[in-house]
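Shared between the two complexes below is subunit A, which has subunit B as its partner in the first and subunit C in the second.
So, the complex of A and B:
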């Protein structure tokens, strides 16, 4: 796969300008993210109506048994889509691990802990230097692993709530109310996490659409993934400091 | 569902723990996978680093250029 591609434009006044793009996500990863967005939104909206059933707005929506059945059916269909996506993601990861082809980029290391400390210093004006990130920074790894575990919890507890009779024929009945608490609370936590943490980093801090386009331009690579830029190109990224006006 | 009457501080602490515990777990898993050689290390930077050739070279590490 090409890691670097070029786009050439020719403004009349300034000659040829070359813009380099760096491959970041495969087509499969972008499809997975699209399915995740779609299923997550549907599950959240149809789930929150059921969680707050004592509220007036929820009772207005679920005013008849038919409506409740419809909302539950939509919730279950979206849950199946998410479950299939999770299974695909896990099986693919296991195959890559077995073939020794799994990229280490998403796995947290002690460097991420140091990066988080350095970023905290930078944000508190105790340092002028931002940490230098690889393909994924510590914020992106937090996002991935938070949702990885959160979705895992919700898939498991969701199936317990969907098939309580079958599950309690094997394990104690106390698992059902526990699963209900975990399922609905984790959903709220995940929703808050996506709205505050993920949306801030991909929309407010900077508009990062690389998960949809699959690539990142050279300026963003130099600024936000300088270590990865240098690894791929061998060129210095000129990391940004506060003295250079580098508040992103 | 009956909501528990926990203080916001406890809820905030639980949220922080919920964020940190998976990362600590994955730090350990990541260490083990590296020790067992199951995840590949990224290739080293190309040898012609910092030679100022304005990008008009073919970068190393198995990277190729392509027209967008």
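So, the complex of A and C:
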């Protein structure tokens, strides 16, 4: 991707700071993330009410049988939205990869393992050097691939639970209670992961809104994706060497 | 003035005399009536209060006529009513040996000739006489008023049972001796249900072995205030009803039966559905399976009995009652009241194994990683500010 964009093309002058922005996500990817957030939240909320329907708080919400049916219907609609989004994502990725039109930046490499080791050293005060990340750091790749497989499990087990009679005409019935346990547990695991891991990285470590705006500013690029910054601009990411511990 | 005072004094005196005379009359008249009703029989006071005469005294008097097997009369409706009472029957009943005799129930007959019978039919007579039971057995009598049987009677069903239909009239016996007597009593009218029950695992143990642990009709349906078992409320209570025995380790251990059946059912798809409905909407009919939907109601059999609805040979047909279209693979979806087990439910076993490690691993990984990041960021910030 030859993706250096500038918010202003005018040269920097006194009193005017030029902030460069770097394109990070396409319009389609931003829409996909929006659909994912929406369906994930709806599925999580309508699902957790059903998972804990032995509990009083759940029964307060599902106060009538109609309400229970409504919650299930909403869950199914959101499930269809997510399934379509997953199919679109997969087919698009496969087609683009086959035509060699997609950057393989998201695929895990050996560098990610080394980065993770370096990050661990840094976090344990064994090193003062943060790893230098490319377009996607190993944390972001973990997020993507964890949810990739997590959502895969949820979609597959979800359809087993939705159409058990049809499914067991092909496979053993033992898959149904196993799917129920997997669906119900994976949902909690995915919820924990998003709440702790993903939210820390995009809200607390820094506010990273690039998935909504599609672009990342120069400061964040220099600091968090220094290797990518250097690759795109040819400039050194950190002219003045200073402690890597965080921004001012 | 003086004359007037004297006359009022006379009036008062006359009033007292009249009142005294009335009091004497009031005391003597009922006493006379009482001695008349008892005839020539000596009537000492008794401790029972129910029957004033001592045991077998009025009974013998009544039997002097009613001991005749040919004694009968024709009711206005055309039916013949035998008036014969066997001495033997009375002697074996619970009432007569206790001194509770004829007039305790036949309260309207004080003497001979008896008052005329106005009942059209024998049933009408029974339905009137049985109300005498409440004189002593008021608690149980009141319970029957809130029963399915009373509602049937109120709806015009004259054959709906009354006390004497189950307990007997002149031959009242202890209803639960032997215990199988209870179910046989119900079976007098509920013949098909009794036939099913008789061959069930419970019925066989009751009737053949006189087993004290198996349920008789009243254990599940109640005794005097028997309710309609076809309601949604009865349905959602079924698992708890069965659990009364089947979750009792003392009772189940005798027969090598697992008490997990109830707790595992409660966590199953069916069980959660039913418990939610029981908690919130007990009057709304729900189709999720309760015990009896799969095991049968009165015809429950051991699971290894070839006639059992949940025998592996019949299980699919039982599932198909609610899951039409389910194929032969379907029954493996039912974990069969068993804990997760490698041989029985391998898929479930491996999923459970995986997540029992994976869930805490992910949770701790996220938490520890984020905490390390926060510590490092804070320390870095402090260092820079001190520089």
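The working rule: the second predicted complex is superposed on the first by the 228 of 248 C-alpha atoms of A that agree within 3 Å, B and C clash if a C-alpha of one lies under 4 Å from a C-alpha of the other, contacts with A are read in each partner's own complex, and residues count from 1 in each chain.
We take it that contacts are C-beta pairs under 8 Å (C-beta built on N, C-alpha and C of every residue); 3 or more make two chains touch, one makes a residue touch a chain.
Since we're looking at a predicted model, the values are computed, not measured.
Of the two partner chains placed around the shared chain by superposition, subunit C is the only one that A:173 touches, whereas subunit B remains out of contact.
Of the two partner chains placed by superposition, A:126 touches none, neither subunit B nor subunit C. Touch criterion met: A:196 reaches subunit C, while subunit B stays clear of it. In the superposed model, A:102 makes contact with subunit B only, not with subunit C. After overlaying the two complexes on the shared chain, residue contacts for A:16 are found with neither subunit B nor subunit C.
By the document's definition of touching, neither partner reaches A:207: not subunit B, not subunit C. Applying the stated contact rule after C-alpha superposition, one finds that A:230 touches subunit B and leaves subunit C untouched. Look at A:64: by the touch rule set out above, it reaches subunit C but stays clear of subunit B.
Residues 180-181, 189 of subunit A contact both subunit B in one complex and subunit C in the other.
Residues 53-54, 59, 62-65, 68, 122-125, 164-165, 168-178, 180-182, 185-186, 188-189, 192-193, 196-197, 200, 204-205, 243-246, 248 of subunit A are the ones that touch subunit C when the two sit in their complex. Subunit A meets subunit B in the complex at residues 2-8, 20-21, 51, 97, 100-105, 107-110, 113, 134, 141-142, 145-146, 148-149, 180-181, 184, 189, 230-236. For subunit C in complex with subunit A, the residues that touch the partner chain are 269, 272, 275-277, 279-281, 284, 286, 323, 325-327, 329-335, 345-348, 350-352, 355, 358-359, 362-363, 366-367, 369-370, 372-377, 379-381, 383-384.
Interface residues of subunit B facing subunit A in the complex, by the touch rule stated above, are 1, 15, 18-19, 22-23, 26-27, 29-30, 33-34, 37-43, 45-51, 55, 57, 59-61, 63-68.
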